[in-house]
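So, here come the structures, one by one.
Same chain, two partners: chain A is paired with chain B first, then with chain C.
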Partner chain A sequence: MTATPAGTASTLVIAPMLVVLVAAAGTLLLGRHPRARTAVSLAGGAGYAIAVAAIDWYIVLGPDAPGIATYQVGDLPAPFGITLVADGLSAFMLTMVAILGIASLVFSTRHLPGGEGRSYYFPLFHFLALGVTGAFLTGDLFNLFVWFEVMLMASYVFVAYSGGPQHTRAAFWYVTLNLLASAVFLLGVGGIYATTGTLNMADLAQRLAEPAAYGLEPVPVVGLLGLLLSVFAIKAGLVPFQFWIPTAYRAAPPQITALLAGATKKVGIYAIIRLSFTIFAGAEVAVDLPLPLVDVAITGDSPLPFVGAALFVMAAGSILLGGIGAVGRDSMEGVFAYSSIGQVGFIAIPVAIATTAAGPELRTFAIIAALVYALNHTLAKGLLFLAVGTVRSATGTSRFADLGGLAKRSPPLALAVFVGSLALVGIPPLSGFFGKFLVFDAAARAGSGPVLVLLLVGSLLTIAYATRLWNRSFWGARTDAVEAATVDPVQVAILVGLAVAIIAVGVGFEPVYEFAETAAEAALDTEGYVDAVDPQTASELAGSNGGGH
Partner chain B sequence: MTGIVLAAAIGTLFALGTFLLLRRDLIRVVWGLAIISQAANVYLLAMGGIAPATAESVPILAGHGEHVPETADPLVQALVLTAIVIGFGMTAFALVLSYRVYEEHDTLDVTELGESE
Partner chain C sequence: MTTVIMRTTARVIVPIILVVAISLFFDGHNLPGGGFIGGVLTTTAFAIVYMGFGLDFLERGILGRDVDPGKEPSRDRVVLAYRRLFAYGFALAVLSGLAPLLFGKPFLTQTFEMLEGVPIYDHLEVASALAFDFGVYCVVVGGLLTILSVVGAE
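The block that comes next holds the complex of A and B.
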């Protein structure tokens, strides 16, 4: 691999970001022309899907694919410029976001929340996608911070979008929490720069693997990684940072909540996986943290055991709190918001197993389990939140007290929600079955009895709240609101499309598993990542420039 | 000496920001956020360290050759500029949002807002 791999693969890396940026600017300019605005928006969505598919095929999955490609912004070699990296892990995440993003975008063109006058809806939508995409592709820690901010800024407006008392209040809490998180992120970034002298992720991995050769004292990195982990846990909504989720998810328009749950949450998960495994797994740091209260000592020669211990506790809390919280809610989006806290716990458990895994085989397997579960959560929760949008635009409400008998009123809608709920529960042959199966299998292979019990309790809670939701809104006597409802056929078609995708992932699971396997291997392949980015030293750079200027 | 002064300044800023963040008045909360993000910026700047300047580390010194005793890492300054711009935008947004909250709820008291659900 050369220092600046020219050609298609390299240019492809930046393609999805450029497409969304153009779409965002275009929709901003065409704000006063609803038809043109919608057309540009849809074209942007299609272009994004094509760009992501091209990355999947030409960089990751195709027969001649290199597996990883980099784009050095402004042709400045790493670590001096900003590096964008597309590998299996990024491609897997981008594919999830593309599928859900298209569904949510088409849904939005059918039912623009707040009416046609809201000319800033689509630009914000694309900026949200831009932030998520940038976070998946960047290979620079500070740049990750910037993409987080791009993503958050759009999501702030969406939480406050409806403008009512509860929306502005939810938005204020959300903004306050995330501004604090941003400050903590900056502290982590600054500390890591002071400790290692670089912010390029590949360079960081390289330096931390041989701290002595670079004259570093890497011990502070463990604590700094803890700071960053808490920021990512806020984005992912893991306990004890889950409290913003129910209010924010209820306040945002449902089709945006689908994206918040399906895409921005996954950014938190992605950042945890990327930093813990690709970057910090090889760090030569002796960790010895005795916890006398619970009679456990966290020891190891990399920061991973520390990450793992924290993740286990957070994931266990999330599964229990999310599940129990979801059982008692009185509206559809309330149930799904709490459910999403619990489901992220199910994604974090295998990640935690991977950090403490004895061998590379179990580590790869556990990450595959996490990724497959994340894919299932994105599809299923995306479908269910869009269904909330459909129910709300048809009946004007999503409270259980006003709903009932929806199943007979619109059988296709009921069928789609049924498939989505079953995918959450994990019934074969849906995508959720394999997600749950792999997570259970990873826990069994790790030989952890308490984790298996926890997963079982979490699954039972899932069955309880899914059943309750179904009974309260889809069965029973029709209420007045349901009687007067007019269900939009295109919205239902989108839901059915996602339901078909959930079934397709379950039936044709083999290629999905292979993709997840490629992604997991990429996440663990620190050497390949460093080689592809190829961070230069100042002396190498001077040499290649013929002695400098 | 510079190090101690910087550390004390950062500590004071974080303490002040946290204090304001815990007030009942929403505007004070916004001020607290602004001060905390500025404290993070100062911290980031301090993380570059302060070292004797040479023509190699600071390009602008290359053509002059006069002795400059100490200078900071230019990279963190570039990072801080980005962070300041983002922080400025967010503070403005938070202020506008707190006005909208006031319009909707007729109060800026955090406790009363919490009870209004």
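The block that comes next holds the complex of A and C.
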């Protein structure tokens, strides 16, 4: 492969991963030189942002962009080698993560939790980013499992990072639950391989669309997809798999929690969208699942209605449990952790609507709604968790009992949190308004009254906990902790930067919507995905390579 | 565990384990084996030495250094060396993956060369995958030994 334009585009696909990998190795080698370590880390972050921006422009959004590009690791052809695929959906997700990742990285250089593990903080940070990036880019189901593990290994350490008893306890639960999830994931992957004979996603989509031509019996795939779905729901923190979130989010350093909520959760959402729509939507399986208790029968000729039914229930549970839970917490990160559960419900509702949508138009629209909401959640929740970090490093606490009067103590900090909270609530002209608006619109177009009521209740709960948080920590009399606080200007600058981004997304919403639309179309374009990867059969390969080895 | 039986057994089996580990490591690129399993086996040999002779034996007995017993275990010079091994191994693996990009090939592309007319062996296969495998080997040995000696000391 020479450096033809096509060659460059395909090398771009792996560029963000290589940048992070080199940054991880560099920070690991420079473990004992804090300044150089920080410099390499920041350079890695900048390189990552540039690589993602290049993918956005040259592969997805630019005038000559092909829309999708693939990369075969190790020069082994698909479906035998590992395929990396960058399309609209991956690019949208990567962009989200890049924005938050930079903010969290710069924040980390200002507020690095101490102790023995300090020299491993940045390598782990880059490994976390590597896992997330790999999960977004991979076109191979087993490889997706591997990236999940990379992501988890890093987050295990971060949850236990501060080293206290409650952190160790949180990490123990987190590790146990995720090991179990990994086992289930592996079981699902193994089952799919046994059923279809391939794990390359494009090849999988191709075979499932014409099971007869490949001599497959695709029915088990529905159940196996259910297994995978439960694993992704654990990552996304959907009810009934939400229980690990509050303890883990409280235990990890706040700037990492921002990433856990903003980036790794989105990996779960991404995996649900990618597998359900791009890969399994075309599967010819007659689904007929009568539910006598609620007098509904789930029927259809693809696994999607089954996915949709499960997602509806999980999303509804998440919105209610997250919202109600958040109202009663006694610390900032407690509120935001429960709020994350609720917000992911808001992202999952449109995904569920898309699975049951009658026409392609509504399906595209619902996915756009989910993506825009996900973007809003990443920016807003990222900002708010970083604000927890700022408040904690300024006052030494984030409990409501010890806070009060922060608004006058640091007006820019208060303003940033105010913008973030309003974005969660969904006030125009912030990004949250469009997120909520599109989700409501999708529900209205689907003509589902109960879903609209549910969304309304969820929004009211959001207003309740956002107001309560504001009253408890930013208004009222100044406490001793707030009086003695020294607020770090760089940290506040990062928060303000994210707040500006939230406003910018809202004000200049047109291009964001177009990007989300490209992403949604890519998610639904199974044919384009298969064509781009172009998985070969063994006999085709033998023919073209003259045997090979 | 530091009994005479343990020590005598260790003297016999540690060299055998290390030789098997090395042979598994060299087979890795096209037969069962490789850097990971070679590294795990090497660590087993070290673990047996630790069990038979105590944690300080490597530094005091073999390297002839003084060991300060009151020191934090993770600050030991041997442990620092393990950590460095981990970091260098990881860097080597990354670099070996990046090298094919210089030749216009995708990340992690591997190749091999047959050396003919080598004494005793007649022909030897030199695989580029060996560099990557050696990186993996260093990561596994460095990582596992760090864990073993730090946790073992606690």
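Rule of thumb we're sticking to: the second predicted complex is superposed on the first by the 537 of 549 C-alpha atoms of A that agree within 3 Å, B and C clash if a C-alpha of one lies under 4 Å from a C-alpha of the other, contacts with A are read in each partner's own complex, and residues count from 1 in each chain.
Here, a contact is a pair of C-beta atoms (placed from the backbone, for glycine too) under 8 Å apart; a residue touches a chain by one contact, two chains touch by 3 or more.
Note that the structure is a prediction, hence the values are computed from the model and not measured.
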Report task. Please work out whether A:484 is in contact with chain B alone, chain C alone, both, or neither, and reply first, second, both or neither. Result -> neither
Report summary line: Chosen between chain B and chain C, the partner touching more chain A residues is B
Requested in this report: Once the structures are superposed on A, label A:165 by its partner contacts, choosing first (chain B), second (chain C), both or neither.
Outcome: first
Requested in this report: Would you sort A:453 into first (chain B), second (chain C), both or neither based on which partner it touches?
Outcome: neither
Query - chain B versus chain C as contact partner of A:29, first or second or both or neither - result: second
Requested in this report: Check whether A:18 is in contact with chain B, with chain C, with both or with neither, and answer first, second, both or neither.
Outcome: second
Query raised in the report: Regarding the shared-chain residue A:190, is it in contact with chain B (first), chain C (second), both, or neither?
Result: first
Report task. Share the list of chain A residues that count as touching for chain B in one structure and for chain C in the other. Result -> none
Query raised in the report: Given the complex with chain A, which residues does chain C contribute to the contact?
Result: 74, 83, 86-88, 90-91, 94-95, 97-98, 100-101, 104-110
Report task. Over in the complex, which chain A residues touch chain C? Could you list them? Result -> 1-3, 7, 11, 14, 18, 21-22, 24-26, 28-29, 31, 71-75, 116
Query - Touching residues on chain A, where the partner in the complex is chain B - result: 142, 145-146, 149, 153, 156, 160, 163-166, 168-169, 171-172, 175-176, 179-180, 182-184, 186-187, 189-191, 193-194
Report summary line: Interface with chain A, chain B side, in the complex: residues 21, 26, 29, 33, 36-37, 39-41, 43-44, 46-49, 75-76, 79, 82-83, 86-87, 89-90, 93-94, 97-98, 100-101, 103-105, 113, 116-117
